[in-house]
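Worksheet: the structure to be examined is printed underneath.
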Amino acid sequence: MTDLLTLIVAKYNYWLYVILMMIGLYAMIAKNNLIKKLVGMNIFQTAIILFYVSIGYKRDATIPIIQNAHGGNDAHAAVIHAADYINPLPHVLMLTAIVVSVATFGVAMALAVRVYQRYQTLEEDELRMRLVDIGPEK
Amino acid sequence: MHWLIDLIVLTFVIFCAIAAISVKDLLGTAILFGAYSFMMCLLWAVMGAVDVAFTEASVGAGVSTVFFVAAVFRTSRRTKD
Amino acid sequence: MKFLGFIIVCLTGALLLYGTGEFPGWGDPHSPASIHLSNDYIEKAVEQTQVPNLVTAVLADYRGFDTMFETAVVFCAGLACFLLLRDFKEKKERFYRHTPTGVILHVKDSKKVLKTGKEFEHMDKDWVPSDLIIKTICRILIPFIQIYALYVVAHGDFSPGGGFQGGVIFGSSLILLAISYDLKVLVKRVKEKILGIFSAIGVLIYVGIAAICMPMGGNFLDYSKLAPLVPGDPHHVRALGMLGVEIGVGIAVTAVMVIIYINIVSEGRHEEGL
Amino acid sequence: MDNYPAIIVITPLLAALLAGIAAWTEERLSYPIALIGLAVSMFAAFKVLMQVITSGTINYRMAGWAPPMGIEYTIDLLNAMVLLIVASIAFFNLIASYKSVEQETNDRAGSFYAIYLLFVTGLLGVTATGDLFNLYVLIEITSLTSYTMVALGDRDRGPLASLNYIFIGVIGASFYLLGVGYLYLKTGSLNMVDVANILSGLHGSSTILVAFILCMLGIWIKMALFPMHVWLPNAYSYSPVAFARIVAPLMTKVMVYVMIRLMITVFGLDYIFETLNLSEAVVWLATIAVLAGAVMALAQKNLKKMLAYIIVCEIGYMVGGAWMGNQLGMTGAILHILNDALMTFALFLAVGSMVYKLKRVDFIDLKGLFGKMPWTMAGFVLAAFSIIGVPPTCGFFSKWYLILGAFEAGAYHFAAALVISSLICAVLFFKVFEICFFEPMPEGHGHGDSSSHVTIEEAPLSMLIVSGLVSISLIVAGLYSGTIVNTIILPFLQ
């Protein structure tokens, strides 16, 4: 029983990120509404961020801001133990990833508005019908 | 008991995600999406990723939701799925 | 499509779960990820860069090159929204209000363009007078939000935060102005041209600071070579360089967030909208 | 000056920002700014290539930090070659497209150039970088710019096509990011060389296997390998011509380069071909891609779409060659990166000139084009011969290496597919020639004058000059392909 519990504690974060990611992927593939698909896309991306942040977590460690370092030049007087601080690298990567995802999200929203302006709908099946209506492409 | 908080918040996150993609009102989706982002931000704060959590709070729960509402304002609110 | 999607999702999920089998446990202090590089960062960053917030140190210095392109992505998003949505043509059906009298004109002819200025102003078709309470509260709140945003940018070296977060908060304070009053109020105060130029200038500050290091004898982005240019303690040059870079990021992000919002909410016409 | 590797990537970025400012203040300046930026970048790329050939791999440390901590540019022969190709094609395309940008972007040329330059920055950065995560960020820059451009071209279908492209593109990039995450979890590093060193002790791990599959899937989606190719025809036929001309030759080729880089530098050929033994399956996939691309090209009625499917077919060649598991195949794949970039650039230059004059390039619109635009068509014919693989042109030599590699690996199906697809290409192009040459111009087509006598209406001079230069380079690259293989590709592979 304790084995199972330790296994769950050790892995559930990774399992749940997979579930979350699959929710997003499913929404992207199967949903009919373009905005819904965009929500799925964002869930998909945040799931990856969750995965990276989970990698960075370290038990019994604190946030990656060095304490007692405000004192300028004598900062390195205090010894820094690596085990006391959480790994900062995944956080940095994920800051970048969040920025990229919000940029993509903004552009996608702009495109959705454009599509709506032109076709008055965002449902994929209706869009397909409208596309047939405007005839073969140039 | 970090992992307990973590587990509870994660479960909420998954509920929010499922709700956000299955609600039939897009404005509702926007709000649920904001809630999802905020839960996520809590989760990351618990895991010690303060900078990431800060960014997600300002971007995911803040600006993204505003963009979302703006786009819904300019398109339609109802959807079939 | 739903069934196909379900199968793809299941397959991908199974693949990913298979990969998790050999993962080290969550939060394991001895996993490769928490040993190989991170220890170097944690132990050396403060000494080398004088910045206690490790995330900022790694973000703006060790991996500053990534961050530069991340800012470029933001700039690109701003440009993209402008190119996609901005429409300089007037709508066919428009409403104007004669400001001194409050009379509302309904123009159906597309050719006649009234000059909006002191006498006439554009009006939304579904315009509602904004609520007094909301207006007042937002007017009180906005300056504080902006000061907080500046603090987040400036204090990014020591506490969570930095250029990106600060920029987003500053941008949302401007967006709040548009929501609580009217889009016109924002557009009148912050010209589109200014936003466009500032989104580029913000990135330019970043690239510029990084590029000056090259003629100073260092590699690209090597802030320590800027020491002769900045007064003060040469140990702090890296921290100062990072501050400069963060300010650039903040400016760019603020401008781009506002550009995206304005263009989406007004469908690119900048005169109607939330 | 040891800063050339940084200058290659930085000048287009700087130029993009300045062009972005110029778009708001003095629009006329944006074109010269873009031109200067790309010229400097091309010059730097040339310098770097020379330096690499004479004195070996260049390591450039961003911000001066040593590799696993900081980001490093590792420029060896392969990178240097691809960098020069990207920079010079981007530069020459810019020269050729001044007129057509004016025509297509109505008064937003400044912003267009900014986006164009950002796209080039992304491609150059992807090629130069030696860091796995940096690669992701730069891939996102290229993707974001191409999403925008796809939406700009065709007002009716563009935005929708672009939105679908975003969904596919984000899935691809996210898979790659996830793969990098899996790698990072096992190795704790992001620098390619460092990761490779640690990986050599981890070959049996299931996590590494999944990481490998995810990275490859992501790159394949971005590269438009056959079942994941759906975005590509739209991207090429909806974006503005000036942009389609650069996306077509460069985007897919740079992604092929990334695949080869990941295979050789990060995972290592030993791991892929001996531990995993995936070679056969992927070569079959490539075979199917080649055939499917060729067959789908047959079904098209529009020149742009036809070329897009031919590119799908060409991607099959390169993937097949790279996965053959022997040196000849890899040589063929790398040589084909160079040759295919030149060939598709030449083809799309010609198509660009046609679009500039005719506006539409369905097969019916092409009637009588030989009389109307003789020089453009001459370039088109040469490029088409090269794609088919007629000997003096460069296309022949890379196909030769690919076929030799296929025989050595015993992948006869791939060799057969290669020959069949070349024949199909021949059929396709001769169909186009026939329409252009023999069928008379329809009444009332063109610019209103009666079509009883054929008037020569050539494309602008800038397009013609560039088109001529590229056509000559097709033959030169063909004649010197032995030199290229001996000085660049073989030393790299050893």
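Should a chain be cited, it is by its letter among A, B, C and D, assigned in written order, with residues numbered from 1 in that chain.
The criterion applied here is as follows: a residue touches a chain if its C-beta (ideal position, glycine included) is under 8 Å from a C-beta of that chain, and two chains touch if they have at least 3 such contacts.
Only a predicted model underlies this, so the values are computations on that prediction, with no experimental measurement involved.
Common neighbours of subunit A and subunit D under the contact definition above: C.
Summarising the inter-chain layout, the chain whose CA centre lies farthest from the centre of subunit D is B. Counted by C-beta pairs in contact, the busier of A-C and A-B is A-C.
A separation of 18 Å divides the Cα centre of subunit A from that of subunit C. Averaged C-alpha coordinates give centres for subunit A and subunit B that are 11 Å from one another. With centres taken as mean Cα positions, subunit C sits 19 Å from subunit B. Chain centres here are Cα averages; for subunit C and subunit D they lie 31 Å apart. The residues of subunit C that reach two or more other chains are 16, 20, 23, 26-27, 31, 33-34, 37-38, 41, 53, 55, 63, 66, 70, 73, 76-77, 80, 84, 160, 164, 260, 264, 267, listed in rising order. Residue positions 9, 12-13, 19, 25, 54-59, 61, 63-65, 89-91, 93, 95-96, 99-100, 102-104, 106-107, 109, 111-114 of subunit A each touch two or more of the other chains. Of all residues in subunit D, those that touch two or more other chains are 133, 137, 140, 144, 147-148, 151, 159, 178, 184-185, 190. If the chains shown are joined wherever they touch, the resulting network has some other arrangement, not a path, ring, star or complete graph. You'll find the chains touch as A-B, A-C, A-D, B-C, C-D. For subunit A in complex with subunit C, the touching residues are 6, 9-15, 18-19, 21-22, 25-26, 29-30, 54-61, 63-67, 69-70, 72-73, 75-76, 80, 82-83, 85, 87-93, 95-96, 99-100, 102-104, 106-107, 109-111, 113-114, 117.
Within the complex, the subunit D residues that touch subunit A are 133, 136-137, 140, 144, 147-148, 151, 154-157, 159-160, 162-163, 166-167, 170-171, 174, 177-178, 181, 184-185, 190, 237, 302, 360, 362.
Those residues of subunit C lying in contact with subunit A across their complex are 1-2, 4-6, 8-10, 12-13, 16-17, 20, 23, 25-29, 31, 33-34, 37-39, 41-43, 45-47, 50, 52-55, 57-59, 63, 66-67, 70, 73-74, 76-77, 80-81, 84-85, 158-160, 164, 233, 235-236, 260, 263-264, 267.
Remark: subunit A residues 25, 28, 34, 37, 41, 44-45, 48, 51-52, 55, 89-90, 93, 96-97, 100, 103-104, 107-108, 111-112, 114-115, 118-119, 127, 131, 134, 137-138 touch subunit D in the complex. Interface residues of subunit B facing subunit C in the complex, by the touch rule stated above, are 2-3, 50-51, 53-55, 58-59, 62-63, 66-67, 69-71, 73-74.
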